[in-house]
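All chains are identified by letter, namely A, B and C, in their written order; residue positions are counted from 1 within each chain.
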Amino acid sequence: MKDRFNLYRFASPATFYPLAGAMIPYFAAISVVFGLAGLYLGMLVAPTDFQQGEGYRIIFIHVPASWMSMFIYLVMAFWAAIGLAFNTRLSGMMAQALAPTGALMAFLSLWTGALWGKPMWGAWWVWDARLTSELILLFLYIGYMALTAAIDDARRADKAGGLLLLVGVVNIPIIYFSVKWWNTLHQGSSVNLNKSSMAETMLWGMLLMAMCFWMYSIAVAFMRVRTIMLERERHTDWVKAELADKTAGDEK
Amino acid sequence: MLEADNLECVRGERRLFAGLNFKLEAGELLYLQGRNGSGKTSLLRMLIGLLPPEAGEIRWQGTSIKAQGDDFRADLCYLGHLNAIKEELTPLENLLAAARLADEDLSEDDALDALEQVGLAGREDLACKYLSQGQKRRVALARLVKEKRPLWILDEPFVALDTAAVDWLAGIISGHLQRGGLAVMTTHQLVNIPAGTVRELRLS
Amino acid sequence: MFRIITAVIGRDLKLAMRRQADIVSALFFFIIVVSLFPLGIGPEPDLLRKLAPGVLWVAALLATMLSLPRLFADDHRDGTLEQLALAPHPLGLVVTGKVIAHWLVSGLPLALIAPVLGIQFDLSADALIVLTGAILLGTPALSGIGAIGAALTLGLRGGGVLLSLLVLPLYIPVLIFGAGAVDATVTGLGGEGHLSLLAAITFASVGFAPWATAAALKIALE
């Protein structure tokens, strides 16, 4: 019973706001550390690929970005489920705060995929199953953001967006499977990515970069969720107090 | 018996009301009053179960309406400020379709009789888009004539009616109360309902 | 349970019959879009045969999008939707009825006209049969999944465009298997595998989508 109480307490914006604020610098710092380590491994330590040359090093951005884009969608769907089941205010805000980062990751993955594809396949874009699914994922992110932006009432936006996320998360495996099926039927033009022998350092580099992106996503999502909280709860006492503190601090 | 227990309503960022209680027994009518935007319609939408209250509970015959679901809705008749009639259908088709969808038995004779009572005799086979605003409202009100469900929730039922129609509707509502029904309604004009106990609730 | 579904279907079909212009215009949209493609890409029969499945299916998706915004909007505007939500039945059943009625007036006509359009693309008799079957099998899924989007965007600004944005990505599996079935028949591989997957998608979406739609409608009605 006590745990439950605590959970609800942290789910309230008034308690979560300062907590998130205090945690942002740590996540940001961890992200930088992982990022530097990952880039060092990826750019300097990892061996040059004898087939792909130096160009392959873009996978240290590309692969972690794709991972994160999928992971963030799952996290959003998780928040959506919590929000619809328990009607907590925080969950909808978290989902909305994560969406732009998720879309950014999907976009980054497509962008780096294109940059990588040009030297590898000789084309900026090929209808590879993974790239196509990533593109559809980006569409799903855009759909979610467009829907929540079109609804004025914040609670309705949370609920409708949450429902869309759940529908999306059920559909993603079906979409992925169908795209893969389609791709194999039309004799996939994809070069099989580094299946051969991925050096251990490369794997570590990618993992470190993934950690960096993960921590970055948390930090940015917290920053965004704090803004959403201030905006939505601007009539409550705690926000007024918070803003009064801020302006007093600025004047000093 | 309809009970509202400690209801709270938040719309957007505004708290419209909190700690609202009332109890309505068989044969009683509740008038909801208040300025525009005081939450009258929101309260009605809570009572019909479309808007979940921020806090508190609504009970019908002693159990929460949320837990009852379909059983509660089988006892409920709601008339919104929209007429809920289809322009392409005739008044008769509208009445019959509404009854079928609400799972009520309404014979064609009963429906014709109801339309005659609201003064639409001779127009029952004309598509509703050719009717005037007042006549469309009467088609919507014709549902009440044969309505046997015990709880009526009416949003501004007297709007757009002439005096004769207002008196007629007051009679229909009294008949419902005399049969032991309950009614909750919002209205700007206070109409004298000849039978039943009338209570008032003012939202501010 | 079936009474409420048939009651909703009956009412919606009657309404559609009184407003035939809507059905006919979506159908003509389908015909025109499909007929534009040969004009854009040239009349070589080989090329057309290759493009036919994709063109017909994409046009079918777009034609469905055209009729979706009105699925709930009319009922919402005149207050009937509230009454449907207050009927003493699960709202999901009401939505099932509306989805079936929507398919009868939007999906079924597409399937019936599709073979005629397929002839324009020089499809063989086998391919025409598979095409008709695939559209018959796949369009109920379009109505079902589309209903979720229609409910989510109910009463919103720019609802129609938003609806396409939400729903079209979810239509991709139907497009892939629907067009794939015809394509496989054209190339002589046989489309049975595609058709059975399409049927599975349709059953799943007609079964589940109405309940998600009902939840979305309740959110919109709050």
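Things worth noting here:
FYI, a contact is a pair of C-beta atoms (placed from the backbone, for glycine too) under 8 Å apart; a residue touches a chain by one contact, two chains touch by 3 or more.
Just so you know, these numbers come straight off a predicted model, no measurement behind them.
Comparing each chain's Cα centroid with the centroid of every protein Cα atom identifies chain C as the most central.
With respect to chain C, maximal separation of chain centres occurs for B (centres as means of Cα atoms). The mean-CA centres of chain A and chain B are about 48 angstrom from one another, to the nearest whole unit. Rounded to whole angstrom units, the spacing between the C-alpha centres of chain B and chain C is 37. Centre-to-centre separation of chain A and chain C, using mean CA positions: 32 Å. Counting partner chains per residue, chain C has residues 222 touching two or more of them. In chain A, no position touches at least two other chains. The part of chain A that touches chain C in the complex is made up of residues 136, 139-140, 142-143, 146-147, 150-151, 155-156, 159-160, 163-164, 166-168, 171, 174-175, 177-179, 181-182, 185.
Within the complex, the chain B residues that touch chain C are 45, 48-52, 70-71, 73-74, 76, 78, 80-89, 93, 97-98, 100-103, 127. Taken in their complex, chain C has these residues touching chain B: 3-4, 7-8, 10-11, 14-15, 18-19, 77-80, 82-90, 94, 218, 221-222.
On the side of chain C, the complex with chain A involves touching residues 148, 152-153, 156-159, 162, 165-166, 168-170, 172-173, 176-177, 180, 184, 197, 201, 212, 215-216, 219-220, 222.
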